[in-house]
Structure formats: structure tokens, C-alpha cells
Amino acid sequence: MDFGLTEQEEILRHSAREFLEAECPTSLVRQAEESGEGHARELWRKIAGLGWLGISLPEQFGGTGGSLTDQTVLFEEIGRALTPGPLLTSSVLAAQIVLIAGNDDQKTALIPGVISGEVILTLARGDRLETASRDGGLTLSGDSLFVPYAGLATNIICATRPAIRAWPDTTLVLVDPKAAGVTMTSMESIANYPQFLVDFDDVPLPDDSVLGQTAEGMQALDLAVRRATVAQCAETLGRAQKVLEMVVEYAGHRVAFGRPIGTFQAVQHRCADLRVAVDGGRMLTYQAAWKLDQGLTADDEVSMAKAQAGMLSRLATEAGHSIFAGISFTVEHDMQLYSARAKISEANLGDTEYHLDRLAAQMGS
Amino acid sequence: MDFNFTLQQEKFREELREFLTAEVPVEKQEIFGLLTEEQYQFGREINLKLAERKWLAVGWPEEHGGGGKGPIEQGILAEDMGYWRVPKSGSIGLGIVGPAIMVFGTQDQKDQYLPAIAKGEVEYCQGFSEPNVGSDLGSLELRAERDGDEYVLNGSKMFTSYAYHANYMYLLARTDPQAQKHRGISLFIADLKTSGISLTPLPYINGEMAAQTIFDNVRLPLSCLIGEENRGWYHAMTTLDYERSGLWRYANVRRVFDDFVEFCNGSSPDGGQPLAEHPLVRHQLAQRRLGMETWKLLCWNVAWMQSSGAVPNSEASVAFLYGSEERLRFAEMAMEVLGPYATLRNGSPMAPLLGNIEGIHREAMHLHGAGTTEIHRNIIAQRGLGMPR
Amino acid sequence: MDFGLTEQEEILRHSAREFLEAECPTSLVRQAEESGEGHARELWRKIAGLGWLGISLPEQFGGTGGSLTDQTVLFEEIGRALTPGPLLTSSVLAAQIVLIAGNDDQKTALIPGVISGEVILTLARGDRLETASRDGGLTLSGDSLFVPYAGLATNIICATRPAIRAWPDTTLVLVDPKAAGVTMTSMESIANYPQFLVDFDDVPLPDDSVLGQTAEGMQALDLAVRRATVAQCAETLGRAQKVLEMVVEYAGHRVAFGRPIGTFQAVQHRCADLRVAVDGGRMLTYQAAWKLDQGLTADDEVSMAKAQAGMLSRLATEAGHSIFAGISFTVEHDMQLYSARAKISEANLGDTEYHLDRLAAQMGS
Amino acid sequence: MDFNFTLQQEKFREELREFLTAEVPVEKQEIFGLLTEEQYQFGREINLKLAERKWLAVGWPEEHGGGGKGPIEQGILAEDMGYWRVPKSGSIGLGIVGPAIMVFGTQDQKDQYLPAIAKGEVEYCQGFSEPNVGSDLGSLELRAERDGDEYVLNGSKMFTSYAYHANYMYLLARTDPQAQKHRGISLFIADLKTSGISLTPLPYINGEMAAQTIFDNVRLPLSCLIGEENRGWYHAMTTLDYERSGLWRYANVRRVFDDFVEFCNGSSPDGGQPLAEHPLVRHQLAQRRLGMETWKLLCWNVAWMQSSGAVPNSEASVAFLYGSEERLRFAEMAMEVLGPYATLRNGSPMAPLLGNIEGIHREAMHLHGAGTTEIHRNIIAQRGLGMPR
């Protein structure tokens, strides 16, 4: 039993924090947000240069081959700094699908690019994406909602079902976003990054488009989603920890009624409650990462971490807006950056309700 | 006990509803988190029309241009306007400034300011908070120094909602820096066109454009002082308790809740049973229904106290605190029920309820109106329950 | 719109409080509890003498004919003083059933006795109580759980269903608890009053046993339950208000860290939250009472009041035990008397979940 | 990171479970809210048997009669004993007094007190609280005056759990009334048979018989002083952090939770689907499953810190606070799910889970162990987050 980080992990944490504090100030975060792309190209290049996009991808493709604990440490920092860009989407969620389901050619064609940052992958899901056979090839039809960073993506992985059979016969296919028949509509939301409604109108797919076997994509999808979920929990944790530090710092010098508001018990207790939730979140998130690293399914652990992350997000948001009060209601204050991301993370990759339901399903006799 | 309105009050409400139905088409209604300039101007027009009928200041005495009714009628107006989502304007003049002038103003001030408010012709903003002063208003720093026939104001006010639309600011300034903190403060009305006043934009996350208001040697005539010099803090606190029923805010949220219930009854995202039939959703809807009812009654309790001549104090804090928290509970619940769809903004494909859920969630981050939730709890404990300081 | 009490109601409140403070100290409450009867005979006689058992029963039977607002005012005080005895069970719940469903003979035979305190009625429910016709008469079989004060009762009203038809064909019958075939087993619980498992083994019922028409008892039962629920909400309210006063008073003089604990914001805020809930509970409870008095069904209002009362109970219990801390964990301290009653009230007459569900049923399109 | 035990630790756990299965039949297990004398005595017998195997003080050094392992093994013992509902005894000596003596005691004191604890032969009670002193221990009033070779104690201690079974009391007394409040306190071990000590029964609502302990000119030899005179408060606070993983308490509740889940899976009160299939129950069970997991990890975090040589401080408060609140959440949830049945006590017809739900609800009113929840939040804020006093 050891809940501490190794020296290497501590170095990773430290250097990531140092890098992001220097290179990813909230002014850059705001720029990325206001550009509509949710992306900072210069930062992206630097991040790729540091090897972060390959943190848990195999060394044979240029990755670092790190553990999920490494990935968790890194994504805590990424969350903390509100780092813009499709790190999670491309280098964890989508890259893992390719890695698990793809054949050697596909991996060789895509993973090194993901790691270098030149390839940006995204994932389109939803039960209206259908593949059908025609003229010896496959075509794709239907639409998918909330596809992250589709506008930047070099490839879209579509989780599709066959037109004539029922879910969960998932076939994973690679689609060129520039192909004829692919159209994108921006979905404006609380999110800081672009999401799209992507429509596929009878898009013919090249022969090597299928990742893995037809109708056998579910397992790869599940496993990749699980890893991405842990990364998202880490982001949430990093953000909540930062909000806690921000409010503690503010409460230490903001004066009301003749003393720092941090001396008021109501403020202290809000901070204490947030601290308890952060500590719990940290244990649950690292436990899930560790279990996956052991090759265990960790279904329950991932669901517990994600459900708790949702509650943690709310607590951080409420504590932040309560303690910063008026100033946090202004756009110029950073708190709103944290609360917007908290809300979108809560909703994505299965919300609290969804994960509690999965957990409950395991508790039956 | 009587939970009914009188027949006259019911009649007023019916007429008001007819008016709103005729004058405020659905497409002009306000959407949470998205107050456009056009909507704001439309709200002012509605106010003018209400004023023509003596309904805008329906609870004010007729001598000041009001409708001669009482707080219950004013509450009915607030509730129905809020529920009908009439874009909000004019509430500071009507709810705070007017009552203060009635109590503390001179006859000249009454004549000068009150009828214009009752007619919906002017907009006020409030100048209490400052960059370093939030809940602890007694520590405010903006100075007003007497210089012959004038006061000279220097300093700045923060979080000025409606600054870009207002004609006047109702403000507190320090007139005696030597006095104990609450005892050296006075209440003023400042014409925002006065030379030396400038605004720095301060956009809010709910889409509203507020401002920081800078005072640089702003000279106000003595007639701008409301009430006694150095008694301003006490004047302001007394009159803050007037329009604090919060019925407008309640009804505005209630409308989205009712729309949300309807949405859940009619919508089944997975093609199966309607959302409202899912046991967890059902349960949450019932909880919030109970929460909304409680909020409504606590607001009406404040209005009733006013109508019976009592001055609500901790009761207003009870209603306000409950409302802030209930609004957040509802916003979180709706977000939870709708999942990612709830995060979609007005104008996005698939955005449910015109984006009102996303908007109300941003609005709900406003946990600090009229003092933080902590301050309201302090007030309830200390003034309401007599607990020691 | 008027949320104030009339002068008469204020007098009722005042005199009830004065009486109970003098005649029903917690020492008496404990005696009643320890006796196992949950009853204080001397107090009962005095209460009957004051007319409280007929507060909302018609004048023609010796009652006061008061409104439900009067009844609510009174039961707030009854709750506040932890008054022992079957006031709610006999004089509200069961008496209302007789009043609504019974014929003139039955009313004349029972209601004056209820008001004088000589007759004690209770109600047995549950879907295992069945009536069957035999030899021209009815017999009763089955058992019922949680029958309050059955050991003291002079008559038990049984809500039964016919042996061969399905619920909700309720037949209300009067049963003599001393009749052959009636056996009682005490159910020991957190409650301060006795509850019984009552078993009816083929009990023959006299001809005049049926209250109202056979198979038409549901409406009377519903209406009586609704009135009793409002009375129970009033009790809860009275208890919560008293707990609030107790903790505020204690916090005003108990010193820690050199000052009264009532100066600590955490204590103040707990008290403030309880105050908010008490205020809300008061509005909801009186609204329900008033609506029933207007002859309206008030289904939603009763359910809202009861569901909120459940939450109020928990809040009062937690605030009490938190602020009194150690001392409230001892049997000798009165707080535990309040928390036990809070819990039993929460569970009885439909718990929070049940009432939220009823409320939800009204919200469908 | 490593969330596994070592192989040796796993082996210890297995052996322990075999032992418990063999030695503690289900009918001897403790029921919440109902600790009988017979059960208590049985718990002591089990302790003696554990001690024979060097398992009772498994984490103590062998020189003091311990098993020579560490805090993880001690945590395994606590968790399994709690989960198996072995009637509790001896925890104060083992968890608090022993570690204090190891750090601050003389060699004589170590020899005198430690092996007896490790052998399960003695029971301790704790004398910190007083009638007027709860969270603010620094204000305690019980006096210990030096008189030649003795200290003379006068005053009283409150909330003495195990008083009627204990051999010794581990207590704080004021030795210097002139010193600043925390600086005039010393730590003692008092033999409860000493003349002048008397007990007043103080029954708790969980069925336990505690006491108020009166000291009337109680004379203790100087050798009863632990550590330095007037440093007792600091000694006590340091060692309080030792056995604060709270694994026993966690596991004891967890067992009832697991039993409750099983009950919900197998029971359908309305004859339809099992309770656990009701969507609301399902949802609540999952929430508490998550809560229990979090609680467990926070407890093990404390044990791990100890095993790595760190001194948990605010982390122990995090675990303790979380546990107190989670226990209450579970008790409320179970009450809600079972309705009136949950209120039934052990022995009543129809009482579910042997009355454990009703019992745990009473136990959950104990919101003030090792300081109120407020105190733990203060500690987390001030010591854990460095917020200003």
C-alpha cells in the first residue's frame, strides 16, 4: 500500500506545473476560447515537444510508454492550467481506440502523428451513425452530436452500427472530415472548446477505414472511454485543487468587517469541505488509474471516480462563486473559466447519474 | 390565515395578464443569460405602458404618481412580470430609490424624482459596492466632501448593473472619514451625466453589461443628498428592506421550472417513456416543486408583512437566501436531467428550452445579491434569532 | 392574503403553551415513555377538560367546532411539549373517520367519548386485513402492523378489504379490542408510544360494526388521513421550533475558546438554516390546513407540507445533536426525545418519498 | 502508487479471517445500539486470544509485547474486527495510551503498562472532556496539585466511555493554573481503584453505559505522570493522531451497509421487484457505495501516512469528518428506504437486519467524537489549508 508519488512522478508534476504556469497563462486560455477553436497552436507544438501527447502511448510509436498514474499526474496539471486543445480527445480517447482496435498499418499511420501533434483525432458516437455495404465497400450515414474539435480533426473515428442490425454491434471506422458528404454545424455551449453536430451523408469509406473487425468495436471503445474518463477525472481534480488554492489565497487577504474573510468560519468550512472532496477525489481517481494499469477492468472504480468528480465539480464551483462573490460573476475573473469547464466535464463521458447507475448494476445479487 | 387574494386583487391580476398576453409576445420574452439591447428597450416600453395605467408603481400613493394600492398589488405585478419574462428594467427606482425618497426625501425631492419613476421614464442604478467593499458596506471608501454649495465625489463604485442605461445612480458615499464607520456615510442621487463620472465596462457572465463607475471630482449640488448627512447607511438599510419580497426573481425562475416540467412531460430522448416518467427525474421534479412552493410562500410572507405595516428584516433574508439556493438547486437538477443538452446555448442546434437552462445555470452563480449567502445567514442568526455577535 | 394569526388563535397558542409548560414537563414525558403506555392519564383528563380532544370536532357532539387552523395552532404546541397520549390518533385520525363515514348512531356512540377522553380510538390498516361474510354477518381476519396505542384503545377501526376482491374496496369496521380472536404483540421501536402488531383471527363482527357502506371506506379514510397528516406536520413544526430555541439558548451561554459558541458562524449558520426550514414549514403547513378548511382537496399542499416536514425533522435533529454535541448523546438530555419523535413522524402517515411521489403524480401532462 | 497489500499482509488478513470465522459466531456479533455485558466480556476474550498470537498489538514493536509489524497490519486488524462486528474493547489502551507511553513514557512506565495492553489484560478509559469542557480541551478544570511525592486530583471528567469496565483512566489535568491555558496541563494514568474516584452513571442513547467520573482528593504517585509536567496537552495532541485511521468505525458501518445491500437485493416488501431494483433505492445504494469507498480510502490514507513515517493531522480530521457524515447519510438513507420498519428495534417482530438500522441511526447522532464536526473543519481549514485563525 503506497499512496505517494514516486520521485519520477513528482518530477513530472513539478515540471508540468512549471511549464504550464509559464506557457499557459489564463490570457492564453481566453485567447483560445475566444478564437472559437479552443486551441492554441504554439502551445500545442510545445506540448507535443515535451512528449505529453504520448504520455501513455507505446514507445515503439514514439510515445513515453508511461503508466496511467503518469497520465493522471499529467492531466491533473493540464486541468489545473485549463490547458486548451484536444489533448484528451486526440491523444487519449481516440488514440487508445486506434491502439486497441487498429491494425499495424493504421497504428503506424496515425499514432506517431498523434504524438507529434500533427494528427488530431476525434470521436463521433451516437446511435444514428450507420454503416451499410454498397458496391463491395462501406458507406456511412447519419449524424453525431457533441463531436469535440471536429473542425480541427484530421481524422474522425466513427462508432457506427450496421444499418440493419441492432446495437451494440459497433463498427469503428476512420473518416476523412474533408470527404464529400461530411458537414459540420457548430454547437454553441457552455464548453470552452468547439463541439459539432457532424452529418454524414452517404459517405463512401475507403477499404482500410475499418478499425479492427466489423461489428467488434465495442470492447475497444469501452476500454478507451474508461481511460479517457480517468484522464477527465484527473483534470477535474486539478481544477478543483486550483480553485481551492485560489479561494484560500483570496480569503487570506480580502478584508471585510476588519479582518480577512478567511478567518470567518463559514468561509473556512466551505474550504474544508472542498478539501475533503478533493482528497476523496484524488484517492478514487488514482485507484481507478492504478487498477486499469494492473490490467483489471476497474469498471466500478472508474464509475466511482467519475461520479465523485461530478460532485467535486459542483462543490468547487459553488465554493468559488460563494467566496469570490461579486467579482466571480464578471467575465474578466478566472473563476468562470473553472466553472464552465466543471459543468461540461460533469456532463461528458457519462454524467454522475450514468455512472451511479453502472455502479448500481454491479451491486445486484 | 388567508392564502387568497381579494377579489379586487384577483381582478387586477386578470387585467394584468390580459395586458401581458396582448403586449408581450413570446418572442419578445427574456431568455436567461441573454439580455439584448433590443429586449431591454422593449422592457422600458412595457413599463411606460404599465405606467399609463398607473400599474407600474401600483403600490405607491397616488400623490407620487402611484396606483394607490399596496405591497400585495406590487407583489402581484412583480410576480406576473417575472413569470411572463418581461425584460427587466426600472426595478431599482421603483423598489429601492422611490421608497427611500418617500421616507427621507424633502418635498422638492419627492416632486422631482418620484413621478418620473412612477411613469417609467427614468432608470436608476445602485452605487453601494466598491472594488474593495462588498458585504461590509460600512467600510466604503468613496468620498463626498462638502465644498460650499456642493459635494465633491472621488472614488469608484463596482458592480454597477444597468449603468449603461441608467439616468441616475443611488449611492452611498463617505462624508465623515473621522466618524465610526457606519456613522460617516451619506446617501445621494447622482445624475450620471454629471461631469467627472465615467464608466469602465464590466461584463457579467450572465450576458449583462455592468460597469465600474469612476468618480473624479464629481460635483453634486446639496439637493442631491437624501435624508440626513452621515445617516445614509441607516437610511439605506431601512429602505433596502422595502422591495425585498423577491417575487420577480422567484417568478422568473418558476417560469423556467414550469416550462421544464412541461418539457420533461413531452420529451423522451431515448424514444421511450417521457423524461418525467423516469423515477429519478420524477422524484427530482417533485422535490423542486416543493422547493418552488416554499420559495413562493417565503416571498409572499415578506410582501404580506409589508402590507400589514411590519418591516421585514430577517424574513427578507430568509426569502432571499432560500431563493438563491433553490435557484441553484433547480439549475443543477435541470442540468443533470438533460445531460450534455443542458449545456447548449440559445441558438445552438438541439438547445432545449431556448437555452434557458444553460442561462439560468450561469445566473445561479450569482450567489451574492444583496449580500452573500453567508451575510444573509448572519442576519437571520443575529437579527432573526438574537444570537450574539 | 393574511399570514397572521387572529387574536383568538394567539390566545389559544398562548394558553396551550402555558398549560403544557406547567403540566407537561419532560419529566412527565419520560414517565409516560418509561411506563410503556406512552400515556399520562392525569394529563389526558386535563387535556380533555380543556376541550382539546374536540378542537375540530362538531359542537353537536361536544366539540369546539374549530377550524383546521385552530387545530394546527394547537398541535404545534402539542408537538413542542412532546405531549404524550393518543391525541392525534384518537381525536383526529380515527375520530374523523367516524365523523365522515359513520352513521348518526355511531357518531353519537363514539365522538362524545373521544372528546371527553373516555373513548380512545385507533386505526389498523394494511392490505392483509380481510372481511368475509359468514352466516349473515361479517368476520375479520388478518393482521396489521404499527397500530398505535392499540393497548389503550376502546375501539379499533380496521380498514379492511374483502377476501375475494382487490384493493381499494375498503370497508371500515369497528372492532372491540377485547373480542375473542384479537391478539396484540408489542413492536418495540424508536417511537415514544406503543405500537402493536394486531392479529385478528376470524373475529365475528356485530351487525353495526361497519362504518358507512361496505367497500366505500376509501374516501373517508383518505380525508381523515389528510387531516391527521396536517396535524402531524404541525407537531413536527412545534418540535423543530422548540429545538431551535433550545440550541439558540444553549449556544448563548455555553462557552468554548473563551466565548459563547453562539458567536461561532458555523453554529449561527446551522441555526439560520433551521430557521429557514421552520419558516418554510410553517407556511406550507398552514397553507394545507387553510385549503382543507376551504373544502378543497389540497392533495398537493398536504404532500408538500409532509415532505417538507420530513426534511425539517432531519435538519432539526442534526442541528440539535451537532450543537449540543456530547451531552445530547446521553439519555438524560432532552434532545434525544426530540430526535426519536422526529424520526417516527418522518416515517408515519407516508414518508417523504411517498409524498414526493404523490406530488409528482400531479405534475404529469 | 500501490493499492494492494503485500503478500505477507494478505496472509495475515487471511489468517485473521480464519480466526474470526472460527472464534466469533454470528450470534455473538455486536448489534448497533445494543452492547450487552455478555458481548463486552466476549470481546475481551477475543482480545486475549488475539494477543496470544501477537495479533492484538500487531503493529507494536516486539519489545513492548507487540507483533513487530506496522500501521498497515494494525489497520487490517481494525478493519476486519470492525467488519466482523467483534464487540469492541481495549481500543483506547491500544490506540492512544500505548503509543503515548512509547513516545513520552519512562522505561519503567513502558515496562509497567505496555505489555499488559498488548496482552489484552487491561482496559483503559479516557479522561479528557469535563462537564464544562468539550471541544476546547485547553480550558479543562480538573486540578492536579503536587503534594510531596503525590499529585492530588480534584474535579470531574465527563463522557467517560468504558468507565465501568476500565482499569485505568488516561487523563489530562491542570497542574499550573497560572500558566497560559494549554501550558499548564499534564497527562496522567490513574488506577480507577484509587480511593476518591467515583462514578455517576451516564447512559448513552446507543445503549452504552458511560459515566461521569468524580475525583475527590485522589492521590496519585508521581510515577503516574506521563511525559513532562505541564506539557500534557501537547503530548496528548501528538499521540491522538496515532490511532486515528478510523478503520474500525468504517468497517463496522460498512458491514451493515453490505448487509443492507443484500437485504435490498433479496427483499420485496410489496411482493413485486426487490427493493434494490427500485430506481430511487438503486440510486441511493450507488451513492452510498461511492461514499463508503471514499471513506475507506480516506481511512487507509491515514494508515498509510503512519506507515510511511508521516504524522497525519488534518488528514485524520478529513477521514473522521467524512466518516461521521457518511455514517449519518447511510443511516438516513436506510431509514428512508425501509420506512417504518427501519424504526423497529432488535427483538421486535418484523425488525429488519436485527434492528441494526435503528441502532446505527442512534449511533449516527454521535456527531462529536474526537471533536465536533465543526472542530474537524476548523482543523482542516487552519492546519490543513493554512487559513488564518
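Which chain is which? They are A, B, C and D, in the order written, and residues in each are numbered from 1.
Keep in mind that, in the parts below, a contact is a pair of C-beta atoms (placed from the backbone, for glycine too) under 8 Å apart; a residue touches a chain by one contact, two chains touch by 3 or more.
This is a predicted model, so every value here is computed, not measured.
For the pairs A-B and A-C, the count of C-beta pairs in contact is higher at A-B. The chain with its Cα centroid farthest from the Cα centroid of subunit A is C.
Our note on geometry: subunit B versus subunit C, Cα centroid distance of 41 Å, whole angstroms.
Inter-chain spacing, taken between the CA centroids of subunit A and subunit C, is 53 Å. Among the residues of subunit B, those in touch with two or more other chains are 280, 283, 374, 377. The set of subunit A residues that touch two or more partner chains comprises 264-267, 269, 353.
Of all residues in subunit D, only 1-6, 9, 72, 261-262, 265-266, 274, 276-277, 282-283, 285-287, 289-290, 293-294, 297-298, 300-301, 303-304, 307-308, 314-315, 318, 321-322, 374, 376-378, 380-382, 384-389 touch subunit A in the complex they form. For subunit A in complex with subunit C, the touching residues are 264-266, 269.
Contacts from subunit A toward subunit D in the complex involve residues 1-5, 69, 244, 248, 251-252, 260, 262-263, 265, 267-269, 271-273, 275-276, 279-280, 283-284, 286-287, 289-291, 304, 307-308, 353, 356-357, 359-360, 363-365. On subunit B, the positions that touch subunit D within their shared complex are 278-280, 283. Listed in rising order, the residues of subunit B touching subunit A in the complex are 129, 132, 134-136, 139, 158-159, 202-206, 210, 280, 328, 332, 335-336, 339-340, 342-345, 347-351, 358, 361-362, 365-368, 372-374, 377.
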